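Consider the two complexes below, in which subunit A is the common component and subunit B and subunit C are the respective partners.
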Partner chain A sequence: MQEFNLDAHLHGLAQSGDLVTRKLNFNAEAAQLVYLSSMCDNSTIHSTIVKPFLESQHLSEFEAMLQAMPGYEQMKDRQQLADKLIQGYALLFLPRETCAINTKKPPPFQPQKATIEYILQGPQYAFSEDIETNIHIIRTRYPLQDLHVEYMKVGSVSQTPLAIVYDHSKVNHDVLLCLKNKLQQVDAEVVQASNQLQMLITKRFNLLPTAIVSERPDRSVLNLSKGKVILILHGTPFAIIVPSVFFDFLASMDDLYDVPWFTRPLMALRYIGAFITTSLPALYVATVSHNPEIFRAQLAIEMAGSRAAVPYPSFYEVFFMLFLIEALTEASIRLPKYIGSMATTVGGLILGQAAQTAGLVSSIMIIVASMVAISNFVIPINTMNLALRVIKFPLVVLAIFFGLTGVLTGLFCFLVYTTSLRSFGQPYLKLFIGEAKKSR
Partner chain B sequence: MKHVWMWLAVLFLFTGCGFKDIDKRYLVMAVGVDKSELKDKPYRVSLKLAIPTAQIRPGQSNTFHLISDDAPTITEAVRHLKSKVDKDLDFSQTKILVFGTKLAEERLDKTTIDWFLRKPEIQGIAFMALGSPTAEQVLGVRPKSERMPADSLMLSFDQEGTESSFIVTAFLFDFHRRLSEKGLDPYMPVIRPLKDTYLIDQVAVFDKEKIKAVLSPEETRIFNELSKKISNFDIETRTEQARFALNVTSFRYSYEFDERNEAEPKLKMNVHIRGLSEESNQSFYNSNWDRYKAEAEKEAAKRYAHVLRKLQSLKVDPIGFGLRYRATHYQRDQDWEKWLSIYPRLDWNIKVNIDLLGSGGIK
Partner chain C sequence: MSRYFLYFVTLSILINAILFVPRILIDERYDGAISSMLFGVIIGGALMYLFTSSMFKFRGQGLPEIMRQALPKSIVVPFLLLMGSVSFISGALVLINYAFIVSRYLIPNTPIYVVLILFVLVASFGAMQSSQTVLYSTEMILVLCLPFLLFSIFKAYTNQNMNYDEIRAMIDYSNILPSWKSLSVSTYAVTGYISLSIFNRVFADIPKLKHRWAVPCIGFSILFTAFFVPIGILGTDGVNEFIFTWVSTADAIRMKYAFIERVVYIFLLVYLGISYLFAMTTWHVGSEFIRGCFSHYQPNTSSINSVLPNAISCIVFGIGTVIVGNWLGEDDLFSVSSYWMMIRSPLDICVVFSVYILSRWRQAL
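The block that comes next holds the complex of A and B.
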């Protein structure tokens, strides 16, 4: 009996530290068991391979038992051996054949609590990072025959599994076709995040996102029932919903779960918040430096009084405060949770107060800056959040040079731009009147 | 890209006065125009400039800077006043325009207020008033409760603060309209400065050119009722039989011209008043209300007739009877001439109808 030469079969992996080889001896013959300990589940190996081995007298008996096991595959192509090994298969080199048995570890992914799109009363768990778990979640919540799941891979190197999920009876097939075309054209090497994929299938330099990236299964399922397509990327707990229009980004799932007396005003609040966060700094510059006539007399005097200590023109203090706010937001994301709260206290309260006392900014500007920051966070979807954070800066520049006229022109241009956007062929500012009734 | 630059270039034309921070502007809260002593510089313009404060405190934050200058025109005066201050004069908050009595007695017409109408920052809703004796003295008063300069005057006129039946309100746009409208004459409240406050209880009536007369406070109140149809006033009845005051809750009147007798044109006016008795020298819950009502009606009709006759004798028409006549008796250009001949002969036929809602007492 010749010695088993691992290197001949698995050239690249032979030196790997987590490679385990076992020799299973029968009277005259021997089988070779090879697996990667990091990818395989010990108890599965025990029950599917080791136990039949111990119970069988002859090699033929062992072979028959193996063939009955779930996940048994006979390997004809020697080139695929390494691939199977990496995917979590255990390889058995028998004298007459080679077979692979699926002994993959169950995924360690559990659905996590929703943290980004948190809502008070409603489903509390978000997607997990595992594609199968996520599809399991969707199938449970949407148990219909029409639910189609198509798998594909994106990323020429990463080969990240991607699932396209849609309700076949409701989906808009033009959108589906358009989406598949876009997915075919993705030529990135490594795709690891839903946001990244969202950018790859839409235009990269769009000012506004045209596909929702959401961590909420209930939002995904609701959109499925509306005929939209859900993309689930392996390795991230976020689903991409296409097509998405502007109004989707300002809707929270709470809107469906609470009484309209409460949710309608909240919805209005979000739109007001979106307006404030984009245009308030620009309006401040425009009114304080170009058109103070729109204030009431008392406010004008107070503003002039609070600005009297500030030696720089109004746009300096606006940029100073906006920088502070953006830095603060960024810092509180990067910092660990416990230090993060301290950063906001230091930044928000102490720095703001001190900047005003030192005469760097006026007290009204502090209010403007905090309003901008707070209003920004009432927008439920993070990508829209970021987009609106960016838009305020060009508006401020317009306000510096052109005053209120400039701000209005800027907002108008922004509106024109938004109208011109399409999300997978669908108008971005489309209204869905009457459609909400079905989902109540 | 070419289009974007072109748009930006066009935008520059619409920006108004350009970039100037609010703290580099001196807010003009009130403008006063007087007649000056100098012959070649007839206008004395005073500006009440607000000194800004970060915190509004009643009685403390109403600090102001009063500057005046004599010049041949208001434009010239303002231009010269700019050299007396360190910041840019900003008229966007100017809500009070005060004119001196002497100026108004001589001439106050379209040419006088032309500057205010042309200045784009000054709003048409600015309040106009007559300063007695001078506008400068009115602007110089610093009332004790004021939150910011000229705030007292604004609150007095805009009906947000005090709602006095003695205070007549005149807007710039309205005054301007009345200066040119046939059959509707302008008027202005008269502000008299006291030590720490103002007294606004008179009205000056104008023809199209200058002041005709200043009505007494009692007449002013009736004038206010007739011209603005305000309903927060009271009627005092003082006769031998009864002496009581009536607090009016609703007030309206209608009138029509009666020209059946060409020689004696009449104006029939029906006044409807609803009110509660407020103050009385005897309890009249159990007595006959109708008697008191009749007394009050007679007394009220007398008051209205008095004021209307006075206006008639002054040949002014701030209530707008002439305008109504022109509207209802259209005859190209002749209606106006006809009205001019009718108005001095007009006989006032006033009927007051009082609805006494209660005696005002708790039994």
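The block that comes next holds the complex of A and C.
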């Protein structure tokens, strides 16, 4: 009997450190067991391969037992051997045939607690990083036979699995067609994040996101029931929901779970927050430098008095404080949790106080800056949050040159731009959409 | 969908009623301005009914397509160019007028041509969007602006300085027959329905326009307010002293407990938005007319189509607006706008009747 030559069968993998080979000896013949220890589950290998081997007397008996095992596949094509091995199969080289047995480790991914779109009382778990687990979650929450799941791969190198999930009876087929076209055209090499895919399938230089990236299964299922399409990318705990309109980004799942008496004011609060975070710095510059006369006299004098110590025009202090706030926000994301809270304390409390006493910024500017920062975080969806953070800078520039006229001009242009966007053919910002009320 | 029709008609009533019309009506207030408002709204309403029902015979088609099907090119192209320029000029007049107001009240240090350049850029940006976008933004911004406007009108009516005796004195002059000038001016106020000649393209999926009766009602109530409130606040004779009548009227109103004490700032900012909106719709309509002269460009109803002809026409008229606005003085502006309205009303009547004849002709075929 000739010696088993591993390198001949598995050219690239023979040197791999986690490759395990075992020789299973029968009376005259031998079988060769090969698997990758990192991908395979030891107890599964024991129960599906080693146990039948110990119990059987002859090779034929062993083969018969193997063929009865779940996950048994006979390998005809030599080229596929390495692929199967990487996917977590154990290969058995028998004298007359080669077979692969699925001994994949159960995915290590458990659904995590929702951390980004946290809500108080409602479903607490987010998606996991595994595509199968996520589809399992969706199928459990949406047990209808109309739910279609289509798989494809994106990324010419990464070949990341992607699932397109939709309710066949409700979905808008134009949207679906448009989405599939866009997905076909994705020509990135490596696709690893939902946000990245969202950017790739929408226009790249859109200021506002036109597809929601959400970690909440309940949000995805609600949108499925409204006829939208969910994309689930393997390796991220986020789903992409298309098409999405502007109002979706300012809606929290809480809005559906409570009495309108609480939720409607909270929704209003979010819209006011969105307005404040985009335009308050610009309004400050406009009213302080150009049009102080619009306020009543006492207020105007108060504002001028608080700026008495500040030696330069108002837009310097606005840019100074906005830089500080943006840097703090960015730093508190990058820093480890415990140091992060210290950085905000140092930055927010001490620096702000010190800047005001040093006469670098006025005390009203400190209030403006903190209002901007706080109201930015009432927006539930992170991508919209980022977009609105960017918009305040052009508005400040317009306010420097044209005062209140400039701020209003900027807001007008922003509204027209937002209305001109289309999310997969659907209007992005349109009043009175006439949505069905059943989901409330 | 038919609410969008009401939006752009209301928009044009609002903008005309505050910017030009009351000043001219107030000039004519002893010569039949009051009866002219009534007659003007009735005539305008009748024209509106005629125009909308004739346009609705051409389902989903704009005026350029309709004319190109029925008439030879040598008539169509000059007519469309004329219609386009008319639409552009009415938007440009609003922009120039508002640039004067803004540079007087809000940014007195900025030279007027800088303000005009900003306005023209914004209006061109809006005009280059697709027709749906223009309609959606109209709805959005009107819904945001109207509450503030209604509030300031409410404050005006309940103002301490509002003297109803002045208004009663004015009513004595209501049985005088209107002059041609005041009649054409009040007809001009309800002339926004002409935009339907482009926006008819996006009204393809509705069977008929609803709530058309609201247009004369809105028109009359806004004209009435725009005429009588300044008289009540500034006085029957005193009203003659002001150029921008409504801005001065709003300046006479005070909110005792609000952050912003003077209503005029709310009014100015709301009207800035409405002026942008009006310029955007009229320039969109104008550039679509001019685009209609070139038969190989499809109507700009989705974002895929090229906006090159719109951009070129907006640039040409934008440069013209800046030059003319820089060159005009305030008194010139006033006489130019009153002449404009006197020319414009007969032109609108011509357009309405030609579309009516075209629709009859099409039925006969």
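For the reader, a short list of remarks on this structure follows.
In this section, the second predicted complex is superposed on the first by the 435 of 440 C-alpha atoms of A that agree within 3 Å, B and C clash if a C-alpha of one lies under 4 Å from a C-alpha of the other, contacts with A are read in each partner's own complex, and residues count from 1 in each chain.
Just so it is clear, contacts are C-beta pairs under 8 Å (C-beta built on N, C-alpha and C of every residue); 3 or more make two chains touch, one makes a residue touch a chain.
All of these numbers come straight from a predicted model, not from anything done at the bench.
When the two complexes are overlaid on subunit A, subunit B and subunit C occupy overlapping space and clash.
By the touch criterion stated above, A:302 is placed in contact with subunit B alone, subunit C being left untouched.
In the overlay built on the shared chain, the residue A:403 is in contact with subunit B and with subunit C. Using the contact criterion defined above for the overlaid structures, shared-chain residue A:56 touches neither subunit B nor subunit C, since it reaches no partner. In the superposed model, A:313 makes contact with subunit B only, not with subunit C.
Of the two partner chains, both subunit B and subunit C are touched by A:291. Contacts of A:416 after superposition: subunit C is touched, whereas subunit B is not reached. Touch criterion met: A:431 reaches subunit C, while subunit B stays clear of it. After superposition on chain A, the stretch of subunit C that runs into subunit B among 9-17, 117-125 or 297-305 is 117-125. Residues 290-291, 295, 297, 401-403, 405-406, 409 of subunit A are contacted both by subunit B in one complex and by subunit C in the other.
Of all residues in subunit A, only 288-293, 295, 297-298, 300-310, 313-314, 363, 400-403, 405-406, 409 touch subunit B in the complex they form.
Here subunit B touches subunit A in the complex through residues 7-8, 11-12, 14-23, 25, 27, 29, 50, 52-56, 61, 90, 92-93, 95, 121, 147-148, 151, 154, going by the rule given at the top. Residue ranges on subunit A touching subunit C, taken from their complex, read 290-291, 294-297, 299, 401-406, 408-409, 412-413, 415-416, 419-420, 422, 427, 429-432. The touching residues of subunit C, when paired with subunit A in their complex, are 102, 106-107, 110, 115, 118, 122, 125-126, 129-130, 132-133, 136-137, 139-141, 143, 258-262, 265, 269, 272-273, 276-277, 280, 303.
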